[in-house]
Amino acid sequence: MDFLLQGFLKGFALLFTGDPETYSAIWATVGASSLSMFFSLTIGVPLGFFLGHKTFIGKRILRTIVDTLLSFPTVVIGLLVYAFLTRHGPLGGTGLLFSIPGVAIGQTLLGLPIIIAMTANAVEGLDKRLPITLTTLGASPQQILWATVMEARFSIMLAAMAAYGRIVSEVGISMLVGGNIKWHTRTITTAIALETGKGEFAMGIALGIVLLAVALLVNVAATGLKKKAVK
Amino acid sequence: MSTPVISLNKTRQVFSGRQVLSIDELDINQGDIIGLAGPNGSGKSTLLRILAFLDAPTSGTLSFMGAETSIKPGAVHRQVTLLVQEPYLLKRTVYANVAYGLKVRKKSDITTKVHNALIQVGLDPESFSSRQWYELSGGEAQRVALAARLVLKPKVLLMDEPTASLDTKSAKLIRKAALKARTDNRTSLVVASHDLDWLGKVSDHIIYLEHGSIVETS
Amino acid sequence: MKRLLTIALTLALTVALTVPALAGKTLMMATTTSTANTGLLDELIVPQFLKDTGIEIKFVAVGTGKALKMAENCDVDIVLVHAPASEKAYMDKGVLIDRTEVMYNDFVIIGPVADPAGVKGMNVAEALKTIAAKKAPFASRGDNSGTNKKELSLWKAAGMAVPEKDAWYVQTGQGMLPTINIANEKTGYTMTDRGTFIKYADNNGGNPPLVVLVEGDKVLFNQYSALAVNPEHCKDAQYDLAKQYIAWMASPETQKAIGNFKLLGKKLFIPNAK
């Protein structure tokens, strides 16, 4: 039980003493999650928009598939990406295996269903008067698209926070695709898994505190963004 | 006589097997102010949506400036605008809402134009410009939506029950704004309203609809 | 909004691109979790090899089964494992070559201080038979690791079938320390490598609830070998670097350093390269 308090205090110690291993892990986590969030959003928002906005044959089936992918276990995603990036795989030899960009690819696959499903929902839930309002104000099809995405911006921001939470806390992908290599692909979560596996529970808690600190910073920034979005 | 701005010819609108509108001929000429009257369900809103090039008639022709035009978002919508009964405001400030159409057309001098449009609908620009879309009463929202359309100086302004949520004073303001649009920019207006008194004061002539057909003109 | 996205992307790309750019020569190694957990690689091998040759070893610590599979998939250039039977199988397959024994330590059977099954001092075969007969709880790694394979071979050597379905035989599917902790929770026995036991004892302030009861039996011998990935099997394998590593591991200086390596004040490995 006392590893909880020990770990809690140790977490702050790691952050404020600038422990190099901890900061290397923070850097790895920030790098991978930033890349994957960028791609999840730039690919996912347009796809989600398309899925929510247009009617087409098979729309319901596609929607169901996307919703089911929300439950994709991270270890399985990790295995899938590993299968592609391994030497003999289709993308072998790209040097992406055991690298942060490789991890980001897997994490993008994790975040995409969340962004797509929630954006589609947001777009579907938009006021039915929006399209004709935009049309009657003279907006071109591209302008209608952009304005519609803007109308859904609060829900999309929520989707981004949900995807970020899932991405930054996952272990399966980072472990399998990254390899937990010290100084290179050891993220905060794989470090937690390692320490816990070694029985170093206090260290596991400490790193958990570090991860929450990183997430807190991101959330503060996002709140600032939300305030700006209302202007 | 010059080409009518909007023309309907043998136009029928059918929804779920029921014919809701049947107009053999209707011309909107430049500078006309036409009132639309009739009981609920008489087809006023349906007609306005067709005139706004938002809904395509089931049969018959719909022309803009003499040429048959489709309802796909295009040039016609930069000239013809519709104010629906319960207008939708974008999730932005009042200023941004009124400015939207101007931004879409890449117009300049937006601040002045928005300022003037707000004054025209009786909203003080100082206190209203930075209000959020959710900080408005029904009547204020309706006036913001009207300002957003007046500011575009459209060829045709269509309005569905524009004074529904307004008091007498504001209704008078709207009448003045509508007449000013015709005087300043030769805007044509087609206005549907239950308020026959107000309609009479603003329109050149009134079309009475019943069960989708014109029964009387005055 | 756009500014934040730009910042995020710049950050991410900087991380992603600078890291490979800074790397000099790199040797990809697969090794086992128990090897990595001793700290031998982090504290001695990796830094010293970098100093002596300028080559950086990047190692992934996984179960033996996975390490060998990764070699077969050509994801690594060299493996450092301790599972002779599996090593032979992969050499027969032509995946691994240049097997070089570099050091050994031993396994021990540990159990509660009170030793309810009474196996202290027995040889391995007797001890396992006794544990089975008394249905004393026994925790197994159950994860196809080198340690796990060794444990399974001990049951066979004692003339018994692996007690797969028996309730007292607990297959944890986890690393050595968690498995020891589970054995302790059940007041039972387990087989562990000496290195992990030293750590476990240290974690418990020198007074662990589970102690060494069976040791020294020849079957508990734990031989570590380095094997290079066959360049004929994996054309991109950095065979030259792998050979350099193997030669370096077997060199007198390195062997001496390995012999002097202490884990929490106790010597752990006995160098035996020829």
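Should a chain be cited, it is by its letter among A, B and C, assigned in written order, with residues numbered from 1 in that chain.
Keep in mind that, in the parts below, a contact is a pair of C-beta atoms (placed from the backbone, for glycine too) under 8 Å apart; a residue touches a chain by one contact, two chains touch by 3 or more.
Please read these numbers as outputs of a predicted model, since none were measured by experiment.
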item: Chain contact topology (line, ring, star, complete or other); value: line
item: Central chain of the complex, centres being mean CA coordinates; value: A
item: Centroid comparison with subunit B (C-alpha atoms), farthest chain; value: C
item: Chain pair with the greatest number of C-beta contact pairs; value: A-C
item: Centre distance in Å when subunit A and subunit C are each reduced to the mean of their C-alpha atoms; value: 33
item: Length of the line joining the C-alpha centres of subunit A and subunit B, rounded to whole Å; value: 45
item: Between subunit C and subunit B, distance of the C-alpha-averaged centres to the nearest whole Å; value: 78
item: Residues of subunit C engaged with two or more neighbouring chains; value: none
item: Of all residues in subunit A, those that touch subunit C in their complex; value: 27-28, 30-32, 34-35, 37-38, 41, 86-88, 92-93, 95, 97-101, 104, 179-182, 184, 197-199, 221, 225, 228-229
item: Touching residues (chain side subunit C, partner subunit A) in the complex; value: 1, 4-5, 8-9, 11-16, 19-20, 28, 33, 37, 42, 58-61, 73-75, 174-175, 177-178, 180-181, 199-200, 203, 234, 236
item: Subunit A - residues contacting subunit B, complex; value: 127, 129-130, 132-133, 135-141, 143-144, 147, 150-151, 153-154, 230-231
item: Subunit B to subunit A touching residues, read off their complex; value: 52, 54, 73-74, 77-78, 80-82, 84, 86-88, 90-91, 93, 100-101, 104-105, 132, 148-149, 152
